[in-house]
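For reference, chains read A, B, C and D in written order, and residue numbers begin at 1 within each chain.
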């Protein structure tokens, strides 16, 4: 039994079939990569995990409970966090405030009318958020407005925000897209470190095979809306089906 | 049955005015991303183009008529329009009589010019500013335009009648086989409706069949990409603003015989046209036109005695009620696109 | 050097006296002066509260012209206008009670809130002893209540709703203008004469208080003449295009349309009705007719030629040939170059009436003024013999029935007087239901101190 | 102090001092001087300044923090006013029940409107709120006349029940009071040529405003306030962070609706009359303008904006040609006529024109509102070398959609 199980998920937009009978099994503590050519349905699949899209048929279970029909914030409260392709952060707020918000969400749940207390008196939240910033090496930027940072820092901040919730499952949508090689390597190191220290299950969508093969412990290959192979990294490289999918061999 | 046909006719007419203003608002919003609260004022300025032209045509010199007395008992000063001197009295009268239709020719360059000046001088600095700032600055501009008109023309409505040939009304009742007089419709309103239809058709054709229009439509869909293609979209957008101003202005010119124009007529229309735009769906031209006619017709139906007897006061709120229902059932209005103006 | 003077506005403000201290609030309220804003210097301040922005701005501007003229005359300037024809001869052109008349102005915006704010500012800041003006009944009723509370006199401007001196009448408030009831009573016989007693009327009524009272008044008096009311439809105040209300009129059996609209509503509904060709139609074998119960010449201009031949009523018209009217038109026309409107006339009269009452009472004390005005009979102000009735502070005078002129000679020559309905015919009992019944009372005069 | 950080305490103290000494500050000119026209220190205007300050502070909690632009907030003020007058008519002339009930009724109404309107965002939300407000206005003006008084508004009458009060003496006009202190009672302090008016009603309203301001600081600095700012910044991220934004926005909506109700209740306490015009869309627009003009999202901005607009409406509109002539009477005739002619279009009946021009100038040159103007000024005085810094600091330009 994996922590995230996807069974026979179908999703179509109008006449277009985006996902066909997708099955996926993510085991706890693993870094599971989903790869595939453009338009294979990777993002659609990820969106089905977080409640942004609802599959037409099929089941998505996380940690024993179904995620179908749950709203994004409810799914997050079960322990699923997501990093976006373009960093989704609170750009008008400071770096510290960005990290405090998930800490509040973790502590207070999805809603709490905390209208009279002052933020600066919330010692536990402040400590936790600052510790998180230390962990990702951003503590010196705590007072900066998030929008004024570099793209790499925004990504790092977004990751810090997700991690500060102690998620059970971290979804990463092309975490290194558009990054320079050095930044990419930093990110790989960061993710590896997180996995080592916190044992968080991760699902990574990635184009960069260097990243995939440096991190993934298991790989699913998606092509034309369906999983064609799910296997260990070493078995994926030479797999004929994968080559066919990527190189567009004759059907 | 007659009553329903009648109210549809009335609704089409009211809808024409809504649709024309909403069309211009949507053009500006769709292309420039600017919420233009001064659009109602442009409609009003258009109406005052007609007033101005008829004032110009009736510019007069004074002839003293000693046989009559004015209210103080002094000899009556009779004003004789200069145009009589140029064209003679009868031809002069014909020209004065046709002042409103003639104003179309006068209004088009004036409105386009005003549109250009507004866009280049003010609006273009607000493309990147939040919508709230756009609303505030265009609202300020609308107040200024209104007050300038009020300063020169006063607050009272100014009668600007249609040419004599269009006086009176057409008997649809007899034509459609109902009782005579059961469905009558003023000629000028028929003119207004047809005029609106032509303008709307013209704008759509312009956007659909010209290269200019294609680029603008592409710009409405995705401004950045079009910018990347190396096309100078800004210049086209200036022209679009001028066009939208002209559409609003023409709507105003032709509206003057229906209701005498006054300086605040633009504000009266502004809020309703915003409701129309939003009900139609932000950024959708066809949505704006559709919603304009729809709300016009519904407003007419709500004023029927039968309806009022069952739901007193429904005529006061029908447009807003429909807006609420539409927005709750269709999140982005009738024909709106996702993601527009939702941030 | 200072003194804390715990009083309301307008009290003696003598120079600095030694000593300062904190005062307890309740001890000092009231009593330090005889009445609110008692003028202590050589001048007295009046507050002219008229619409300067919004749709009635032109009417407000005309009221303001009349006020300025009245002040000029009271202070001895100009030709004296109607002061010379006024039956009471107390006014000498030396101000009021020897004090020079000064004035402050405010903008009502034709909104009750804004009107009260500007009236309060005149009372509190400028020390106005009397507030006057306005161009709608909503504003008049709101400001009248304020003046009652504050303890100053309110001389209503243009307000035609029954409520001003009916349901919402106040001891400190006075109205010279006529009202809906009088319009109805004056119009009905003229209409019956012109159009016959067998008519079917269709009412379009502006959906607010004034509309209701006017519809009620016209209905009652025309039905008493034998007319039948086939339908009465309420139209929103904010309506600009009345086509959807006008068009169904012909489908009903009606042969008369009564437009209980004022100002912009009236212009638009009348224009629309004429556009639809209602007046060219024959219904029940009779010419279709339109009636506008309350005419305003200023606003009627906006309807252009559409007013021709349409009956209505008005408080006063510049073409009247009595001595008072002639004198007023002359001094107004010479100063401004055009004839005054009925709004200008009523506000001019109100200013003179107030000044005269103060002279006769020998004080500016509102209670003295009330006493002087109640039951006051006068003449020479353009409306013939007039009575300020004590029971409701409403002026009773002849009412003019007018008709849109067929061949106007100038842009001011829009209406012609067809009949002067004698006052007896428009007089009513103060307790009738239309006026709020016996429950409506004036209360006591409030001097504010 | 008061559980606030230092800069906020200073701001609060400044506001307290300003409101406390407003009778002095607003009356800087001696009574009979030429400039006395610009004195604003009379009870009605002072009351209005603080009451509309409350209204704008509340509006800013919604708009400034969450970015939801409501175009129908005047409806809550109006509903609060009607509720207040009814309390004065039915219960007692004491203003306390009126004010409390105003807040509650406006809160309940805003809960209903907010619950429906907040299903949409952006301009769709704005139009929904506008639609509710316009419906309230139209109905109050016409069909609901028995409840609202329609055109003539709702006022206390001699014959009202007032079940908690002893009967008034015959003919006495009912006046609102607070335990026997009437709202329009004042003391006048005469110092030389100056007259300063201390008004009971003003100080009641001022106390309410200071409390409202204090509460708004607390809300701004609370975790709740942080969440509201997060809603404005990135609602999607907030949802993916496990937080449901609707309860937050709804709470903010209701809080700001209650502020509007408080303002409405105070308005009728000061002046016992409620008319439908205060719910018209222009009234809703006015509070939007106040907030943006002062500086949306800043603490003090809305108060400044409210003061600016109300002062203008009441002072500039009262200047007439007569007064202008006295100002310039010291000049030779021709010159004074020229000046009068030049200024005349902008004062008195032209005050709207002046207001419109000022709106445009402020938005064009001070995108962050008056607060930004103040910061710029302070920047010039404080440190000339980093003067450019403050200009870009307080605003973020959201790209046009």
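Note that contacts are C-beta pairs under 8 Å (C-beta built on N, C-alpha and C of every residue); 3 or more make two chains touch, one makes a residue touch a chain.
Quick caveat: nothing in here was measured; it's all calculated off a predicted structure.
Chemist: By label order, what chains touch chain A and chain D together?
Modeler: Common neighbours, chain A/chain D: none found.
Chemist: Average the CA atoms of each chain to get its centre, and name the chain whose centre is farthest from that of chain D.
Modeler: Chain A.
Chemist: Counting C-beta pairs in contact, which comes out ahead: C-D or B-C?
Modeler: Here the pair linked by more C-beta pairs in contact is C-D.
Chemist: By Cα centroids, which chain is closest to the centre of the whole protein?
Modeler: Closest chain centre to the overall C-alpha centroid: D.
Chemist: Using the average of all C-alpha atoms in each chain as its centre, how far is it in Å between chain B and chain C?
Modeler: 35
Chemist: Distance between chain A and chain C based on Cα centroids, please, to the nearest Å.
Modeler: 74
Chemist: Centre to centre, by mean C-alpha position, how many angstrom separate chain A and chain B?
Modeler: Distance between chain centres: 52 Å.
Chemist: With centres defined as the mean C-alpha position, give me the chain C-chain D separation in Å.
Modeler: Averaging C-alpha atoms per chain gives centres 32 Å apart.
Chemist: Using the touch rule from the top of the page, what residues of chain B touch 2 or more other chains?
Modeler: 312-313, 316
Chemist: In chain D, what residues contact two or more other chains?
Modeler: In chain D, residues 138, 141-143, 352 touch at least two other chains, as defined above.
Chemist: Which residues of chain C are in contact with two or more other chains?
Modeler: Those would be 53, 57, 61, 207, 234, 236, 238.
Chemist: Could you run through all the chain pairs that touch each other?
Modeler: A-D, B-C, B-D, C-D
Chemist: Would you tell me which residues of chain B are touching chain C in their complex?
Modeler: Those in contact with chain C are residues 2-3, 6-7, 9-11, 13-14, 17, 68, 70-72, 76, 150, 154-159, 161, 167-169, 181-186, 188-189, 257-260, 262, 264-265, 268, 299-300, 303-305, 308, 312-313, 315-316.
Chemist: Within their complex, state which residues of chain C touch chain D.
Modeler: 1-9, 11, 13, 15-16, 23, 25-26, 28-29, 52-53, 57, 60-61, 103-107, 111-114, 116-118, 120-122, 124-125, 136-138, 141-142, 145-146, 148-150, 161, 163, 168, 171, 207-210, 212, 234, 236-238, 439, 441, 443-444, 446
Chemist: Flag every residue of chain D that touches chain B in the complex, lowest number first.
Modeler: Listed in rising order, the residues of chain D that touch chain B are 63, 67, 69, 116, 119-124, 127-128, 130-132, 134-135, 138-139, 141-143, 281, 285, 288-289, 292-293, 296, 345, 350, 352-353, 355-360, 363-364, 367, 397-401.
Chemist: Under the definition above, what is the set of chain D residues touching chain A in their complex?
Modeler: 3-5, 218-219, 221-227, 229-230, 232-234, 236-244, 247-248, 251, 255, 396
Chemist: Which residues of chain D touch chain C once you look at their complex with the stated criterion?
Modeler: 31, 39, 42-45, 48, 138, 141-143, 145, 150-153, 155, 158-159, 170-173, 175, 180-182, 184-192, 195, 197, 200, 271-273, 275, 277-278, 313-314, 317-318, 320, 322, 348-349, 351-352
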